[in-house]
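Before anything else, here is the set of structures, which you'll find just below.
Shared between the two complexes below is chain A, which has chain B as its partner in the first and chain C in the second.
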Partner chain A sequence: MAKNCPGCGAPMEYDPGFDSLVCSSCGNIIDPKTLPDADDFYYGNEEAGGEPVPVEDTLSEFDDLTGEMYDCHIYTCSQCGGEVVVTGTEISTRCAFCGSTSVVFNRISKEHRPDLIVPFKVTKEEALDRVQKTLDAGLFVQKKFRTLSPECVRGIYIPYFTYDGVVTDNQRHQRYSSENVTVYDIDAEFRNLLVESCQALDDRSTEMLEPYDMSEAVDFDTSYLMGFYSNIQDLPARASKGLAELKARKFINTRMYKMPPVTMKKNLGSSMQFDLHRTAYVLLPVWFVTINDNGTPYTYLVNGQTGKVVGSAPWNKVALIGAIVGSCVLSTALLTFIYLKFGVPFFRELFPDDVHIFTGATLMRVIGGLTIFGSFSLFVIALRKIRSVWQKMTLSRSLMTFIFSKKRQGGIR
Partner chain B sequence: MILIITLYAASIVASLGLSFLFVSILLERSNSYGSQEESSPSMKRFKVMDVNQTKL
Partner chain C sequence: MTLGQLGGLMLFIGLVFCSIALIILAFTMRLSKSNIYGDNEEAPPCLWKFHVDDLTKR
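Coming up: the complex of A and B.
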């Protein structure tokens, strides 16, 4: 059900710029907290002036599914009477017929009702602007990508669980250059450790959107969903706890790896003890911006609170090869100049006339070995960086993310 | 003379490696946005005690 303007009766939408519900018809601006919550309507709060609405009246479900049928829910729009099909995990959507924002009540009640919500702070225009600026700044971004023509932009609330608790560990480290083994006692405390709990989305993409400032989270109110899409959590409790432990382990291991002395070291063993417990079910804001490149969709994610952009643009092959060839030619030319100007006189002075055959051969072996090792290391580091860009590009054109964004009703936001 | 040529060839190979690395860093900064945070703001306390050292 949409929240209507008390002035003109038109549906209202949450505007991050005003942090309020704004009427698209008369421009009325209302604090979300002053309007009754959708649950009040559903449960027949007398102050809200509504009779209880039976679930069957707004939602019909097929219990016995056979053949080609699939699990879907049909919601009748309270504005125009049109029937909107929503997936099993959506809790808010738009009417495909009249564009009215709608909330399916039974998905946000009882066990599925989120505890907290971080409202959108970044507007649609700001999100587009941020994606545009990052693409503009890219040296190797294809030209057609610089003129952003997004196929669709959608603001979606993603469900997360937060975990608090303590993790203790006992790790044994050995440096490669030493036979000594150092034992470390680790004690880490986590607060608001975020675990994305929507199976339809790739965790690797959403993890990069973090951090969120959880101090800005407010009590869940359906008003914040107006004008946006949202999903409920669909992750089993055990899986979500497993993910929280995995994430905590990753953070601890990264910290340990970076702890001085930062030398080559290996972890010989670890015995992590987790005492993490779920504290809240929270909805976090994300903008999905999809750009189409010859039929291949690239979806950029923008943190709806901080504006952080996540994604990768396809590279311009000509510019990339040009840059590699150009920098090689330039560095070789520069090196030749320096070598002829300073190197040759220096070595002539160092080894006048003849170099002893043994000294010369040993020197050549040492220099050759060092060069091969150094160059190989540089190539490996470079290839790892290119692989990381490639992986991120694969995530950006992930059909999973695209479908998650695209399947939402209509093409508005 | 051989030594001088070897040194020159070696430095050319190294410079190619450096150029390749330079371009890959540029590519990473240019085309890839957002990265996983290496330390979580949710980690409120992190204490490490070096308890002992033993020889393998």
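Coming up: the complex of A and C.
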């Protein structure tokens, strides 16, 4: 699966900056489409490890696609089970998903040839720069995350299926304050609905990488893989369709939830009818930037087409708790000072005795009680927000448990 | 302490709790904005057409 320079014979790599294959030895720049496809280059290569492994018969999963195959070089991480296809020009020493160094050559395999590919537009340096800038803008980010090492960056093509089709629905909504039920007839048309088809990745992260501009997709050519990894698709067809329906349902429900009135309403029921068809098997570009924090890898994903960064920056807990406690002590001290200096004399003057117990004094206690009640409501809102943020903060670490999480997201049945 | 003064004390305690809750909420919102990257806010481009008909208005 490698392409060599016609000038000096050295392996060539795809350079997103030039949108061409570039020879690292003599600097030759060549349009990928002008070179013949060399799928058989590594087939039976001695360095690769002997005889090819028989191909699993999964053609039935691809009846609606091309069914063409191409040879590739598969490495497996013994830590997390992630599999990546590595080109002949770079050998991995670290798993791109979990950051573990226990990556071993597994086999040469024939894989289904993708229909389309969106080539990398963002270079390695740009990806690193974007992650660095976002980490710099973070609050209480630890110092070790302020300086990124270029060695921790990997460009990987992630396999996706695209789905086109129509979803119809009939939803009944009711406001909490009313008995009236509103019935909506919904008609949604999807084009290029992306379903990530690799079990080795957490769906939450890859969904956040979207959107991709599919108008920039080109016919698949192995030239675009040079210098990058590419992940193999391993999601069964039925599971893939299930995920497409799940995603479509989520988009429609989100859209309906945002319709006025946006609050105080409930969905009494819906009856979605899906007519989604798989249209293409496509590879999309993602940069993986891994930072090791005392054995815990943090992985940031960068959309290789738009440069969008996905992940979370771990905060310095001591600094954060210190800042919160400090702010609370300061505000409490300030309020106490105001109360003792002005509040106590004021209330003494206003309520010298309990004669007017059912007028001013009662009103005062009602206001005080309501304030305490309001503060507890604020605490509940704050705790909910903390829980939501906490879940998202583990995003960069959750890739270690990707298979576990994927199997529990309803994608595999 | 009269009942009116007790009400004043309750108001003070409530304001202290409110300020603490607001500080925690503000820090959490700030963390969410600056330390979590990639939240999708805009409508997905794959949703090509979306038509809703309110049948109860017919």
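Rule of thumb we're sticking to: the second predicted complex is superposed on the first by the 266 of 413 C-alpha atoms of A that agree within 3 Å, B and C clash if a C-alpha of one lies under 4 Å from a C-alpha of the other, contacts with A are read in each partner's own complex, and residues count from 1 in each chain.
Keep this in mind: contacts are C-beta pairs under 8 Å (C-beta built on N, C-alpha and C of every residue); 3 or more make two chains touch, one makes a residue touch a chain.
Bear in mind that the values here come from a model prediction, so they are computed numbers and not experimental data.
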Quick check for you: in the superposed arrangement, does A:Arg146 touch first (chain B), second (chain C), both or neither? neither
Touching A:Lys341 in the superposition: chain B (first), chain C (second), both, neither? neither
Could you look at A:Met256 and tell me whether it touches chain B, chain C, both or neither (first, second, both, neither)? both
Looking at A:Ser327, would you say it contacts chain B, chain C, both, or neither? Reply first, second, both or neither. both
One more residue to check, A:Lys317. First (chain B), second (chain C), both or neither? neither
Classify the contacts of A:Lys133 with the two partner chains as first (chain B alone), second (chain C alone), both, or neither. neither
Residues of chain A that sit at the chain B interface in one complex and at the chain C interface in the other, please. 134, 137-141, 180-194, 207-211, 251-252, 255-256, 259, 300-301, 308-315, 320, 323-324, 327-328, 331-332, 335-336, 339, 343-344, 347, 351, 360, 363-364, 367-368, 370-372, 374-376, 378-379, 381-382, 385-386, 388-389, 392-393
What residues of chain C sit close enough to touch chain A in their complex? 2-25, 27-32, 34-40, 43-56
Residues of chain A that touch chain C when the two form their complex: 134, 137-141, 180-194, 205, 207-211, 213, 251-252, 255-256, 259, 300-301, 308-315, 320, 323-324, 327-328, 331-332, 335-336, 339, 343-344, 346-348, 350-354, 356-357, 360-376, 378-379, 381-382, 385-386, 388-389, 392-393, 395
Using the touch rule from the top, collect the residues of chain A that touch chain B in their complex. 134, 137-141, 174, 179-194, 207-211, 247, 251-252, 254-256, 258-259, 300-301, 308-315, 320, 323-324, 327-328, 330-332, 335-336, 339, 343-344, 347, 351, 355, 360, 363-364, 367-368, 370-372, 374-379, 381-383, 385-386, 388-389, 392-393
Under the definition above, what is the set of chain B residues touching chain A in their complex? 2-4, 6-8, 10-28, 30-56
